[in-house]
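Here it is, the structure in full.
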Amino acid sequence: MNLLLQGVAGTLILIGSLFLFLGALGVYRFPDVYNRLQAGTKSTTLGALSLILGVGLAEPAWLPKALVLMLFILLTNPVSSHAIGRASYKSGYPLWEGSIVDHCQEHDACKGGGEA
Amino acid sequence: MTLLNLLETLLVIGMLGAALFVVRTRDLLAAVVVTAIISLVAAILFYVLQAPDVAITEAAIDAGLTTAIFLVALRKTERYEK
Amino acid sequence: MTRRVLAILLLLILAVALYQALARVPFGTDRMAVSRYYLDHGVQDLGGVNIVTSVVVLYRGFDTLGEVTVLFLAATGLGALLHGLALHDEKRRRTKTPPSLIMRTATRILFPLILLLGAYVFVHGHLTPGGGFPGGVVVALAYLLGFLAHDHWRVNHRAVRWIEGLAGMTYVIIGLLGLYLAGSFLANFLPPGTPGRLFSAGIIPLIYITIGFKVGSEMTGLLSEMKEITE
Amino acid sequence: MIPGWLWILAYTLIGLGVLLGLLRAFLGPKTPDRLVAVDALVTITMGLMVLLGLWYRRGIYLDIALIYGALGFIATLAIARYLEGGL
């Protein structure tokens, strides 16, 4: 039983670090800020969640604190990615030339603001 | 030289590069963003050196408060350095 | 050109001097008897598991009072400066982008959680890393989150001043109680208790709670002044 | 127990991730790119801190990751509000 738990924990840690690396790779390689957001928030969120769950399973006494950490990540990461996307659109960051859809153009709420 | 030493070396080099960038750049908002990276790396380094109290203070003050104060200062002045 | 050469020369001389000075000091070995004493006797004497907070609050408690005073003076001075700045502002912007719905909703959920996190940090100062100063800053940052996401959010400046003054007064009163009950200013007059429990370590939790309230109200007042000058 | 090769693999992957994020923060043509890199780096740092906490076997080290995550989020939000002209 304990061996199984440790195996699951190790697998989760490996998956987590792999996804953290892939997220950073996406942030480095993708062409514009909207594409980078995809990798920079979704992939790293999954990576951090599974890594923290793996650490919590490897050391079961830490599991409550690890769950609180996961809750915080789940609450904060989507909000910050939304804020970055909205800020870059409002500040006039152009879309990559390969992008084909821009639904936000049709709404008044997307006009505005500062400088990139 | 263990793997952890390698990680520390990487972080210190990244911190030096970030400090050079902050000094050299003309866009002060970019400088503020990269200053956040310096505080992040400093927090990891304090953590690796097993000084959790210092790391927590660094995280609290340098990550949140300093950024907000810099941003207010930028709002009241110019964004680009002449 | 000559200035650059001079600067590089000065840096080189400094580097050589620093290297010469530090080459004789072995890294990672302790030569100080005082820190050895703290590490050996701190837990039995005072009951705080986190030795750093024991040193900060009890062994060096008077210095911490000085630090709090410095912080108070800095916050007051900056507040006075910003208050004068708001009157002569010519660079007002026409429109401001309102905060988005997602940000407002998330702030409503996250604000109490971050407040709770700050309170956790300064109440558990003697058990976990952190303490009064980081905890107070976390509380102030929860208010910063509110200021960012709600345009018409205000704090009551008078209440902030009152909390700040009361917290500072409580700190000094605890110190005077130590003088009355145990013979010296800021002496530990409560029993150390069982190390590792929440109610242990004498007056460390009390002092950290007052420091947390003081730093939190000071920083909140500062951030709210800053919000007002950007409008 | 977690085997040694897994530690090596995880640290290598996360270290490479930190390197790539730092590179994007330095190169990134405009400020939003750097901001995305900082946001990703904060999450990667949380993961690294939790993993190092398991390495040192100190449960209290998780607190630092918690506080770092919460506060790095507020810094990102502040910079984003500045960019969109709302500060």
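All chains are identified by letter, namely A, B, C and D, in their written order; residue positions are counted from 1 within each chain.
In the analysis below, a contact is a pair of C-beta atoms (placed from the backbone, for glycine too) under 8 Å apart; a residue touches a chain by one contact, two chains touch by 3 or more.
On a predicted model such as this, the values are computed, not experimentally measured, just so you know.
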## Note on the structure
Under the touch definition above, the chains in contact with both subunit A and subunit D are C
## Note on the structure
If you tally C-beta contacts across A-C and across B-D, the winner is B-D
### Task
Averaging only over C-alpha atoms, locate the centres of subunit A and subunit C and give their separation in whole Å.
31
## Note on the structure
Per the C-alpha centroid definition, the whole-Å distance linking subunit B and subunit D comes out as 12
### Query
Using mean CA coordinates as chain centres, what's the subunit B-subunit C distance in Å?
19
### Task
Measure off the straight-line distance from the CA centroid of subunit C to the CA centroid of subunit D, and report it in whole Å.
24
### Query
For subunit C, which residues are shared contacts with two or more other chains?
95, 97, 103, 121, 129-130, 134, 138, 141, 144, 230
### Message
By the touch rule stated above, which residues of subunit B touch at least two different other chains?
### Response
52, 55-56, 59-60, 64, 68, 72, 75
### Task
Mark out which residues of subunit D touch at least two other chains, giving numbers and ranges.
11, 18-19, 31, 35, 41, 60-61, 63-64, 66-67, 70-71, 74, 77-79, 81-87
### Query
What are all the touching pairs of chains?
A-C, A-D, B-C, B-D, C-D
### Query
For subunit C, which residues count as touching subunit A in their complex?
95, 97, 100, 102-103, 106, 109-110, 113
### Query
Tell me, which parts of subunit B touch subunit D in their complex?
3-4, 6-7, 10-11, 14, 17-18, 21, 27, 29-30, 32-34, 36-37, 40, 43-44, 47-48, 50, 52, 55-56, 59-60, 63-64, 67-68, 71-72, 74-75
### Message
Residue numbers of subunit D touching subunit A in their complex, please.
### Response
1-3, 6, 9-11, 13-14, 16-21, 23-24, 30-33, 35-37, 39-41, 43-44, 46-47, 50-51, 53-54, 57, 59, 62-63, 65-66, 69-70, 73, 76-77, 79-86
#### Entry: Footprint of subunit B on subunit D - complex, ascending
7-8, 11-12, 15, 18-19, 22, 25-26, 31, 34-35, 38, 41-42, 45, 48-49, 52, 56, 58, 60-61, 63-64, 67-68, 71-72, 74-75, 78-79, 82-83, 87
### Task
Spell out the part of subunit B that touches subunit C in their complex, as residue ranges.
52-53, 55-57, 59-61, 64-65, 68-69, 72, 75-76
